[in-house]
Amino acid sequence: MKTSRLDGTIVLNLVTAVFILVALYLALIQSPAPANVDTETQRYAQRIIYFHIPHAWVGFLAFLVTFVGSVLYLWKGERRWDILALSSVEVGVAFITATIITGSIWAKPAWNTWWTWDPRLTTSTITWLIYISYLMLRSALDDPARRARFAAVYGIVGFISVPITFFAIRWWRTIHPVLFDASNMGLSPNMRFPFFFSLAAFTLLYLVILIQRVRVEHLADQVARLKASLTSIK
Amino acid sequence: MATIEIRNLSKSFGSHTALRNVDLTISEGEFLTLVGPNGAGKTTLIRIVATLSRPTNGEVWVDGWNLADGAAQVRQRIGFISHQPLLYGDLTAEENLRFYGRMYGLSDLPTRIDEVLQQVGLLARQRDPVRTFSRGMQQRLAIARAILHHPVVLLLDEPYTGLDQQAAAMLDEVMQAVGATSRTVLMTTHDLGRGLVMSQRVAILSAGQLVYQAPRADLDEVSFRQIYRESVTG
Amino acid sequence: MTFLRQVVTIVHKDITAELRTKEMFSSMFVFALLSVVIFNFAFELRVADAATIAPGVLWISVTFAGMLGLNRSFVLEKDQGCLDGLLLAPVDRSAIYFGKMLGNFLFITVVEAIILPIFSALFNVNLIQPWVLAVMLLGTLGFSGVGTLFSAMTVHTRAREVLLPILLFPVVVPALIAAVKLTAGLLDGRALADMTNWMQLLIAFDIIFIAVSYMTFDYVVEE
């Protein structure tokens, strides 16, 4: 039983590795030159689109998974949903961090500023803050049942706030002058395949890391159980 | 008809099992003292019966009501005294009792408040803020709070903690005065001497398991200490 | 109607206790006042027109002061095990939520009532207008709604004073933006009809988050 499970994920890991390598090749080497940019730097920087946006989407997918896991945990009370929620937050935070950093890297050569208050970037940052807070909440609680319950509640409230925050910031930005609008970076037809391929590759990467993280947490639980049963033998 | 029935009760906190398949029945009007070392699970057990905590497994019935679906009815029937007074320090004794009285939906509250204050010997201090009370006085007021709504069951969790000899003796007196001996009572303590004085039955909890039960009449303090030592370390 | 009576009893209890010590109120008020004064000095050197930053400063001061109150509210319950006392009673857990929430809302509103005239004088803006007051109330309502839920959680942690702002701020951002926008617009003399989308956002925020908090409060408070 265990051996076949190990085999299953090895296949997934290999497939993901291949996907990522191909995506990197498509994005960095083979990708078509973008039409509406002026300098050499901007042309290369624009390739970030193959990373930046997929990272954002996968990050939000991760938080959706956390939301589902949180709801299921409160409903059923089973530890595995808590593990799913927690693991997905950690991976999600990594992806959103990458989103923010790539966004910043893109902004500098294109608009000569490290940061812009673009609605999507701002929402991503606030979302990032919410899930960092999630992790901080967990680390501040010792009782495992309470930790799981509170984290689940925060996971639910936090997730619900994301779309509301997005709209609020979007309306806010339409009044102030906007430095750039990412939607101008439209996807021309010959960019679509590398983009969606990249998206698929990073979604697979998310799954791979998530599965491993969930496993680690289950193993940690097992260790704790073994420890408890050993120390209570009279 | 048995008033407190605990069937196959288990409680785990993560990987730590605090209670293991506990079966205990306390008959109507009986006073049972549960003793055990620190960490045995006494507080966990009594908090479950008090509806402050949910069991992982098993069932508890109080006065014919199952905790799982009749929690509100159970709450109406139990009075709980812990080592914390559960009183608001900034409010007067009278205000505290009025608050709890309203929460329990009691009618003719002023009369009832005077009654219980009289019983615990605190009528003269009714307009003083509780934070000016000594520990012993707070505990007496806690008893007043606990019996305000005429509960048929009293649950006492280590009530003598922090009390000196005098205060403890006074507590005993007060418990007699409020008819503790005619209600159904479950008391936990790690003070073996006190444990025997008022009870009709004793039980020993060790490492989450019930290891001994006997009617009080069969024991004296010496033999009980012997049995305790053996049950807990053996 | 026992539900309503229990909610009122809890609010009444909190008010009675607070009137006696005035601890929460005084710390909130002093903090808000200090923030306003410090901001005034901090910005005066760089901003020509104080009225521009007034809405932002006002709401920041109110939120930080509000956090103090939210924290205290549950610390008092946890302190002598009083939360257990509440849970032992045959009380619907959501009655406890609404009781604490309304108490928090009231305390923060009272602090605002006193701060607003002072603020108006210091920043030379007129905040005592009906719609501005309405916005203050709506913003405070949403803030108290989620804040009560979160403070019920953070009271169990070691670093409770620090953790509450960390949990609360990212989530109340939409309400904060809407409140500042509305306050600024009203001070500029714009008609409310121009800003209906912000008003709708604020009201929607309040409804959604009070509903979610009310539904999940049980899980936070029960073991």
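Each chain carries a letter (A, B and C) given by its place in the written order, and its residues are counted from 1.
Here is the rule we use: contacts are C-beta pairs under 8 Å (C-beta built on N, C-alpha and C of every residue); 3 or more make two chains touch, one makes a residue touch a chain.
Just so we're clear, the structure is a prediction, and the values are computed from it rather than from any experiment.
Trainee: If you average all the Cα positions, which chain's own average lands nearest?
Mentor: Answer for the innermost chain: C.
Trainee: Applying the document's contact definition, name the chain pair with more C-beta pairs in contact, A-B or B-C.
Mentor: Between A-B and B-C, the larger count of C-beta pairs in contact belongs to B-C.
Trainee: Just curious, how far off is chain C from chain A if you go by their C-alpha centres, in Å?
Mentor: 32
Trainee: What whole-number Å value describes the gap between the mean CA coordinates of chain A and chain B?
Mentor: 50
Trainee: Rounded to the nearest whole Å, what is the centre-to-centre distance of chain B and chain C, using the mean of the C-alpha atoms as each centre?
Mentor: Their C-alpha centroids are separated by 38 Å.
Trainee: Chain C: which residues touch two or more other chains?
Mentor: 223
Trainee: Using the touch definition from the top, which residues of chain A touch two or more other chains?
Mentor: 145
Trainee: Mind listing the chain B positions that touch chain A in their complex?
Mentor: 13-17, 207
Trainee: In their shared complex, at which residues does chain C touch chain B?
Mentor: The touching residues are 2, 5-6, 9, 13, 16-17, 20-21, 76, 79-82, 84-91, 222-223.
Trainee: Please output the residues of chain A touching chain B within their complex, sorted ascending.
Mentor: Going through chain A, the ones touching chain B are 143-145, 221, 224-225, 227-228, 232, 234.
Trainee: Within the complex, which stretch of chain B touches chain C?
Mentor: So the residues of chain B touching chain C come out as 47, 50-54, 72-73, 75-76, 78, 80, 82, 84-91, 95, 99-100, 102-105, 129, 145.
Trainee: So in the complex, the part of chain A that touches chain C is made up of which residues?
Mentor: Listed in rising order, the residues of chain A that touch chain C are 74, 126-127, 129-130, 133, 136-137, 140-141, 145-146, 149-150, 152-154, 156-158, 160-161, 164-165, 167-169, 171-172.
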